[in-house]
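Per-chain residue numbering starts at 1, and chain names A, B, C and D are given in the order in which the chains are listed.
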Amino acid sequence: MSSSYGKIFKISTFGESHGVAVGVIIDGCPAGIDFDTDFIQSELDRRKPGQSRITTQRREADEFQVLSGIFEGKTQGTPIAMVVHNADQRSKDYAHIAQQFRPSHADYTYQAKYGTRDYRGGGRSSARETIARVAAGAVAKMILKKIGVNIQAYVSQVGTLKLTTPYQEMNLALAEENAVRCPDPTMAQTMFNYIDETRKKGDSIGGIISCVITGTPIGLGEPVFDKLHAELGKAMLSINAVKGFEYGSGFEGVEMLGSEHNDEFYIEESGRVRTKTNLSGGIQGGIANGEDIYFRVAFKPVATIMIDQDSVDSEGNAVTVSGKGRHDPCVVPRAVPIVEAMAALVLVDMYFRNHAYGK
Amino acid sequence: MSSSYGKIFKISTFGESHGVAVGVIIDGCPAGIDFDTDFIQSELDRRKPGQSRITTQRREADEFQVLSGIFEGKTQGTPIAMVVHNADQRSKDYAHIAQQFRPSHADYTYQAKYGTRDYRGGGRSSARETIARVAAGAVAKMILKKIGVNIQAYVSQVGTLKLTTPYQEMNLALAEENAVRCPDPTMAQTMFNYIDETRKKGDSIGGIISCVITGTPIGLGEPVFDKLHAELGKAMLSINAVKGFEYGSGFEGVEMLGSEHNDEFYIEESGRVRTKTNLSGGIQGGIANGEDIYFRVAFKPVATIMIDQDSVDSEGNAVTVSGKGRHDPCVVPRAVPIVEAMAALVLVDMYFRNHAYGK
Amino acid sequence: MSSSYGKIFKISTFGESHGVAVGVIIDGCPAGIDFDTDFIQSELDRRKPGQSRITTQRREADEFQVLSGIFEGKTQGTPIAMVVHNADQRSKDYAHIAQQFRPSHADYTYQAKYGTRDYRGGGRSSARETIARVAAGAVAKMILKKIGVNIQAYVSQVGTLKLTTPYQEMNLALAEENAVRCPDPTMAQTMFNYIDETRKKGDSIGGIISCVITGTPIGLGEPVFDKLHAELGKAMLSINAVKGFEYGSGFEGVEMLGSEHNDEFYIEESGRVRTKTNLSGGIQGGIANGEDIYFRVAFKPVATIMIDQDSVDSEGNAVTVSGKGRHDPCVVPRAVPIVEAMAALVLVDMYFRNHAYGK
Amino acid sequence: MSSSYGKIFKISTFGESHGVAVGVIIDGCPAGIDFDTDFIQSELDRRKPGQSRITTQRREADEFQVLSGIFEGKTQGTPIAMVVHNADQRSKDYAHIAQQFRPSHADYTYQAKYGTRDYRGGGRSSARETIARVAAGAVAKMILKKIGVNIQAYVSQVGTLKLTTPYQEMNLALAEENAVRCPDPTMAQTMFNYIDETRKKGDSIGGIISCVITGTPIGLGEPVFDKLHAELGKAMLSINAVKGFEYGSGFEGVEMLGSEHNDEFYIEESGRVRTKTNLSGGIQGGIANGEDIYFRVAFKPVATIMIDQDSVDSEGNAVTVSGKGRHDPCVVPRAVPIVEAMAALVLVDMYFRNHAYGK
């Protein structure tokens, strides 16, 4: 019961890495939305493997098909089912590790929890599961666009290579113009080279994705347990390989005094209430105050490496896990659309939750 | 609908800072648990104000009363209602700020969202709401204790004062022996002095709470959206003033290579599968692997300070917010039991979710 | 986790018959509603014991107290907690049956399920639990009133005494003018006498409550699993002693031909789409079509009787259960406000669910 | 958000009558269940059209495909996705009614609620949606079979033709040997002839399905809002064309005295607690007591008839709806597996809810 997310705009995902298909049902999408299939496909293309030599070479077109919920180009208020059939399954790549527990993968915990597992490519624990998130997130983005919400994520760190320029001083759209998805072209090239070197060594490296959300309606978000940033945090932490989440001042904020950290209010000429600074990250008491929402997501290095590692198998024997098959040396370039998709799913659900009372 | 948490062990909280009472209903607690009222009160005492001169001087005994669900000293499987009546309400302290939006508080966002707000002490957005979490968390701890799960949080940073000793090398129980709740007595004293100086200046300072969970059953936690660390992250981020969450290697992990970060498996003499290192933080694929779970929670400086600040009021006038009343110069000492309570609520719910299938 | 109802306007109830208190939290009530405490109390008074000699003589004022969520006479969008303290607990009345399983009560099933039970007056299985429903339902009614929805229930059958007049031909408001809550004064008197005779014999008798809802917005209700009548059915069947639910043509409709049963559409002068007949009971495909919603709820005779019965105890001994204490000879007069409350809770939740998408 | 059912064994369904496919995701099925595809197909075959001349002649093989969740013949604890592609779509059959509101269908209410609708065969409101229920219900039955629960439904009334024999005195398995699914062969033939005559007149007729569940574990079911019979009632009322639900003594029970209706307890030689009678219908206080659960479900006559009817169209014009296409003259024969499937979904979810606490 954990492959579902959302209270009103509710998604339920399915599919294993080397099964027949992966997909998603959206239950709770309003009627009358123009359904832009090209946009959905373009979002899936941002996530798909094989985009450059620093991403896995698994060959998948990742073309999606709609099974229900759309009629004459519009949503019907009924469940929208979308599937992507798996093409390049090559499950023989995995036969040699059927009984092995790959270090820092979910092999051991799935086996322990379920007493069985689909060992082909990680089965359900594969990052291929995120296709469903991106497809559903694209539908969420369509709705958010209509109310002026824009979500833009980008790579801000790879290993020790940090992009320190504040987001306000960059053209974030440039992130989509390079394989790393870093909006600073020079840094992007440096990161690319570093990831490529890491790949050649058969190793992997971590990174950070930053995300900026503009145009969030004031009042969106819920108090107490479902605070807007708490839901964003959960959503991000639910993405494979994520180890941390911070928003606004984040971990650095702990070193500040209240007198430095507080965002004083003022009135704009338009009469709108604004804050002079935005260390709050656009959210106060769990509720959006209309300022930019921004947060950072830490990704560990991908567990799949092409280097021999010690491990054990399901019989309790010591084994050597040999790296074979295909892998992403650094997950963050392909994770940018996933971060955006999860942010969109959180926001659209909060939007409808807020709207239930007429806001 | 956002004052509820949990799927099986489900809590629903209520209460404003200066209303009649704050409290909680637990719907989904199993029958037959010995209900230890002294333990619950002791947990509330760890959270209550006035414990030392570095915490707010609001006078509250915070004695709780059970309204239902307990018979002859045992839980009945029926809803357990617990309330704490507010004693020292002094709402006159707040009259002068009734129309003002205090910087980095939730005044403005509540007003914008609801069109009204209980301005007395922050109303529902007050940290007094966490009484309900601590009471429910104490019940969760009773259950977890029976299955060998132990949760221990402590203060590991105040401002720039960092405790860098690994948790394995400290006696965490010492945290309860000083007002800061830092397990290193020397560092605790340094932190205490620093917080006290900050208090005298009428300012506030942030901090970090670290938490270690031992004895988690292997297989606990759910894949995909409700990963164990995603739920822990949401739970922590739902606590007032929290800006960040990381577990295992966290943000530092992004700088590591996969070959450094992966936790190789081995077999203990007992036959149990273990990992040589634990950068995973005890969770792989969202599911506990039996190693220690550890995480860190970043708290910003408390928004209430005794220093004048610029702001606006609900009429759109520029105003000066003057610090009056009582405040916590640093929230982390009192937040330790809250972090533990939220961790307990996550774990106990995951325990019953897992158990539904016979595990 | 089964003492909660609703997805957006969500209630969570607690309390045993002879515990400290019974009560409810409403999580999800919008802000800005004028909170009419007199109305809530008047609804509780319609439910309370001792209203006439045909209801139980347990003495309870059933005065409720608000613990949270109301400020300056208005709802705040925060959880509303309401409690009624138990006064006339007389648990000694129950000491003699502590180990006995009373026939057709929940004693045996609670004991079997939980391994323990609060035997005083049925504990959580007591109809006293419905106080929480009536209090929450009164808040729901306040909201529904503002959108023109009216809910009126009445007693239409007691034993074999049937009121066969169609609801359209009666003044349903008359139901509140007699102790039976039957809108036909003559029939009401006949029913009263019959119930009173049954009471004198120490026996009990069943009955039917009919309910009519007018003014439901067209489009309210959800398709597939949460059809409006399915939620109404669940809500009614969740009331103690209910054995059946039917709406519109109900069980009689099975004997009709489609050509007789179908409700043909026509256009009113106002331009509104109407149906010539209303065998559908105001709901088509699970969604309100704007016609009156009407349904009937079957209540079995109350299990508590003043006549000796064979049974067993928790040790497996054959015992005689002797009727002592107080009882309602017929539950339907006091259940009228409960039926209305549950209907209100269903409708208000469906209203907000619909409203989430802007309707 | 209303195409989902269940708290632990959770299903989410999708699909329109004349869309690409209908299907279901099960999120929360435990791992390690032998997945019997033949059994699932056989259940779908019991539901499919064209089984005899008294069912609709739409041609559909209704072959299902598994997209995820099964590996090496066993469930994996991951979401199980099953789809049935629509074959005989003939949407031209519906072009003539695109703008018309068919009497007692959901055309008008869907249009009013969503502002759009897929008019081809009723779109989402089509009974074709129940394919998903039957497929998921078949998986539920596999699990229930292992714990000894058996569910058997049958037709007990068609129009005024009533089968009055108590279920205990019939061989219910005989129901599957005739097209009507009535366990009394003589009555079955009478019913068949009557339905066939009704069909020839282009009309339709209602009916009742009875259902008996044996072997339910004592203690299964939840108190208060989610009482076992309340969930069964909701589940049945969510099936298209259902107008009423009663269990145990049902509506007839209202005419009984408590002294007649109460089920006295006794101890079997085995030591098991039993009841002498079973007017409770196997459920007391919402919780199974181990006796047979039995209930009855009322179906109205199918709204599609081959007879002209007055109606209006979406422009507000008076129109004549002419019967064309294909229809079921009586829905109950094909609804028997649907009733069983919904009962299975309720029971399996309640089973896991109960099991969460170790029962």
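Here is the rule we use: a residue touches a chain if its C-beta (ideal position, glycine included) is under 8 Å from a C-beta of that chain, and two chains touch if they have at least 3 such contacts.
A quick note: this is a predicted structure, and the numbers were derived from the prediction, not measured.
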Original post:
For the chain pairs C-D and A-D, which is connected through the larger number of C-beta pairs in contact?
Top reply: C-D
**OP:** Give a one-word verdict, same or different, on whether chain A and chain B use largely identical residue numbers at their interface, taking over half shared as same.
**Re:** same
**OP:** Measure off the straight-line distance from the CA centroid of chain A to the CA centroid of chain C, and report it in whole Å.
**Re:** 46
Subject >> Inter-centroid spacing, chain D versus chain C (mean Cα positions, whole Å) >> reply: 26
Original post:
Which whole number of Å gives the spacing of the CA centres of chain A and chain D?
Top reply: 39
**OP:** Specify, in ascending order, the residues of chain B that touch 2 or more different other chains.
**Re:** 1-4, 7-8, 13, 31, 77-78, 113, 124, 223, 353
Original post:
Which part of chain A faces chain D closely enough to touch in the complex?
Top reply: 1-4, 7-10, 12-16, 19-23, 25, 27-28, 31-32, 65-69, 71-72, 74, 76-81, 83, 113-118, 123-124
Original post:
Once bound in the complex, which stretches of chain D touch chain B?
Top reply: 7-8, 30-31, 77-78, 223, 352-353, 355-358
Original post:
Residues of chain B touching chain A in their complex?
Top reply: 1-5, 7, 13, 101, 103-106, 108-110, 112-113, 124-125, 129, 157, 159-160, 198, 203-208, 218-219, 221-227, 229-231, 233-235, 237-238, 240, 243-251, 253-267, 271, 273, 275-276, 279-281, 283-289, 298-305, 307, 309-312, 316, 318, 353-354, 359
